[in-house]
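What follows is a group of structures, each given as structure tokens.
Each of the two complexes below includes subunit A, the first together with subunit B, the second together with subunit C.
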Partner chain A sequence: MRAKLISITAALALIFAAALLHARAGGGTISGKVTYEGTPAKPKPIDMSKEPSCAKQHATPITTETVVTGPGNSLENVVVYISAGAPDDAAPSEPATFDQKGCQYIPHVLAFQVNQPLKVINDDQTSHNIHPLAKVNREWNKSQPPGTPPIVDKYDKPEFIPVKCNVHPWMHGTFAVLKNSHHAISGQDGGFSLPNLPAGKYTVTGWHESYGEQTQEVTISGSETKTVNFVFKAKPY
Partner chain B sequence: MSAHKIAKSLLLTAAVLLTLPLLAVAQQGESHMGKLTGHSDAGKQLYFRFCWGCHGFRGDGSGENWLATGNYPTQPYLNIQPRNFDAAVFKCRSTPTGTLPLDEDLYNSVGRGFVMSNMPPWISLTKQQRADLVAFIKSFSPRFKSEKPGDPITVPAEPKLSVESIKHGQELFQKLECWKCHGPEGRGDGPSASTLTDSNDQPIRPYNFAVGSRFKCGATNQDLYKIFMTGLDGTPMPSFADVIKPEEAWDLVHFLRTLQVTHKSPELALWESTKEGAEQIASRRVSGTPTGSGIKQ
Partner chain C sequence: MGKLFGVVLAIIAILSAYPIVAHWYVQPVDISTHGHAIDEQLADTMAEAGLSFLGAQLLLAFFVWRFSQRKPGSRVWNIPGGATLMVAAAFILVGTEILALGVLGQKAWANVYFTPPKPDAMQIQSQAGQFAFYFRYPGVDGKFGPLHPDKIDEGNSNFFGLDPANDVESRDDIVSAELDVPVNREIQLLMHAKDVGHSFYVRELRIQQDFVPGLDLAVHFTPTQTGKYEIVCTQLCGLGHYNMKAYLNVLSQEDFDKWMKQKISEQ
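Now for the complex of A and B:
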């Protein structure tokens, strides 16, 4: 009797898990492209002469990454995420990694979830200080000399946090701390994709560090793919 | 149970439930430092007499001395923005970076003032008054209601001063690249110095060791230890707690004292007794006077 009960429970659990997995793996997709209209400011070359160990890593001087554009008016580094309509997800255990290499933040914009571990690495031969200027979360500021272990932290509230290194004033980045796992960052071609969305009505938000944010309403039914495009107004400064 | 009894017990429960939050509020409006207990109500009176001119009506650091009006619409009277209590980010703490300070830290800051700024030491107020002010200042930020202060860092006993300790501190000053901001001689003139801004985007100067003896957060070796092990939150000064060991931190303290060439300290005296140290200090001391007397011709 007892064994039977256990096996029934196990079978039920399996079916339930399979159904859940199915819902996760299937579902709809929101994808599209981020572009700009108007004339964006020209990226400025960065003078790293005060930090020779970094300067020598770049054959040609790198440029500022506040606005990164590509062919066909595509706009890179835009965080596209579901701001409403999706439940808050449990934080994944794998850390989001933020690297400091050649006195640059890689990636320039890092999106991760509330309470997801954040790992900051220093791959340079110079000391950096990581200073995320959080307002909603707690602001901290830590030194990371070369060869020291990664800094591991997490944030417990959603927020777009500007990150800077005070020693190297050209180093700027962003931590996008989000409530659910449905987020993407537009690539070189401005493209993004938010897969595995269960049927429902969603608010999709596109956020750019200089051009602000935009939202669109999308309804997903079944496993369809809906196209959502964002067009940001470029500022000439 | 009769209806009467039920009503009575309900009333009692309601009364208890109603007073509970009141008790909690009373607890929140207090500050505790050793035997001292500060009260927010008393602190409020003091704040709106002594503090709000700079720190502002809302405690957001934009009092009229900062946001000057009238003839000077763009020029604030103060060149360092007063602390914004709303953000609850404080420089001088005994707690790790990113955490709330202890009541004691705020109390000490009020009594000590901040060198190189317009914040005076409020020793004209009694200890009780300063404690009351701390209780009131905490009421500006919701953080003090939802978060606890960090666990204070442990400052181990200072090891015996030695030349080796100073030399090792000097190596650390190089290795940790303190000089990038503070300058190779600690004059606050490093290559990154001119670009520094605080978290409000206001320009800020790194500390110049060559003048004076007091630091932003105190004057003792223990205070100096705490400054770089906790970081000065809201400023470019980071925490080095994860990066150096406590004994190394003491070596750095000993070396940093020798950068204070105008301040007599056991560290400076010992360093000056060595050949290397004597040469270094002699080259850093300004000789002569503003009138030109005492300069070798």
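Now for the complex of A and C:
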């Protein structure tokens, strides 16, 4: 009797998982490329001489990451997400990880969901003091000496939060706290992809920390792939 | 027993005061033109303090020796005039001492604070903020662009709040996290605090000057030896105070020109 119950439950779970997977895989996709026009500011080398343990990790000095460009005018670190049209998703349980390594935030822009655990790691030999400058969410400011366990927290409202280190003025990053799981960050080639979208009408937003945000309307029907490109206006200063 | 204590006290006092008065202590190398005056002043102060200490301790030892075994029935002798006379005497003694040190030291102080820098002194602006120093050079045009605190954007390395889009003078300003200067050239350091009080201290330069928010202060000095020296903040400025430091690189003129060229190319 008990073995039968277990096998039925297992079978039901399998069917449910398969159905879920099918529904996800069967959705449409929005993909495209983020580029800029005009002349962007030249990245500036960061002098970390006051923190030798970090400086020696970089053979050549790293540069400022407020605007990161690639070949073919591609623009990196743009958060592309569905700002309207998609229902709010339950937060995934796997944490979004933000690493402090070589006195640099990795990744520079981290996108995650409302109520998703955020894990901040210090991989350096020096103390950091992570200070996300939240305005809508509760603001906090925590010191993290080397070798201490990760700081785990979460945000309960959507917001773009600038993050800085109170000890190392050059360390800056962004938390993009979003309502649903449909988000991506443009890569080195400026490319992004938002898969698994059910049919519907969506507002797609591209957000860049220096160049602001842009939106576009897209309608998805069935399992088609729609191309959406963003072009940001670059400023030399 | 009391006599023995008096002797031990005198020995301890002599052993402690001698290294101070005889200048046994080692001082860091002096790399500035004005530093010798500060060192002399320090040596004078140490000698004077050492001798006063020795005098007071020997007097104490003498009293211990002389009066440790009071005969029964002997009376305590009070100085006539009581406390008032003692306070007045101490006041005059200490006052004379401080005045004398002040008179002796006024030249060392005036060299740094009351003498303006030469007109050809190189101007460098220093900004102290939690928890790092940054230095700004006026660039090719020799002029500093104005500061706009609202434009400060540290993630973009705009630590001073420059607005190169609108201020032409700011476009060639060079910002560095290290203070690089040519040797044997007078430097005028303009000091600006971004947030709270900080201090600029380079022991080899014999300079320690506070940054005060809201006040634009200045110090001038002429480094005389090439090398790398530590600049530390010596005014408790917050959680990261322990980590607030930078480096002073005194370079030959040739190396400085090379460094400047490199910085200009990074603009």
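Some points to look at:
Quick note on the criterion: the second predicted complex is superposed on the first by the 216 of 237 C-alpha atoms of A that agree within 3 Å, B and C clash if a C-alpha of one lies under 4 Å from a C-alpha of the other, contacts with A are read in each partner's own complex, and residues count from 1 in each chain.
What we mean here is this: a residue touches a chain if its C-beta (ideal position, glycine included) is under 8 Å from a C-beta of that chain, and two chains touch if they have at least 3 such contacts.
As the structure is a prediction and not an experimental result, all values here were calculated from the model.
Model built by superposing both complexes on subunit A: subunit B and subunit C clash. Comparing subunit B with subunit C, more residues of subunit A are touched by C. By the touch criterion defined above, A:66 reaches subunit C but does not reach subunit B. Of the two partner chains, neither subunit B nor subunit C is touched by A:201. In the superposed model, A:41 makes contact with subunit C only, not with subunit B. Of the two partner chains placed by the overlay, subunit B and subunit C both lie in contact with A:50. Touch criterion met: A:151 reaches subunit B, while subunit C stays clear of it. Contacts of A:138 after superposition: subunit B is touched, whereas subunit C is not reached. With both structures placed on the common chain, the touch criterion links A:169 to subunit B and to subunit C. In the superposition on chain A, A:129 makes contact with both subunit B and subunit C. It is stretch 94-102 of subunit C, out of 58-66, 94-102 or 112-120, that runs into subunit B when the two complexes are superposed. In the superposition on chain A, the residues of subunit A contacting both subunit B and subunit C are 50, 126-127, 129, 143, 166-169. Those residues of subunit A that touch subunit B in the complex are listed here as 50, 126-127, 129-131, 133, 135, 138-145, 148-149, 151, 166-169.
Those residues of subunit C whose C-beta lies close enough to touch subunit A in the complex are 129-133, 153-157, 159, 163-165, 176-178, 239-240, 243-247, 266-267. The residues of subunit B lying in touch with subunit A in their complex are 87, 89, 97-99, 147, 175-177, 180-181, 191-192, 195-197, 199, 231, 233-243. Across the interface of their complex, subunit C is touched by residues 41-42, 44-51, 64-66, 126-127, 129, 143, 162, 164, 166-170, 172-173, 209-210, 235-237 of subunit A.
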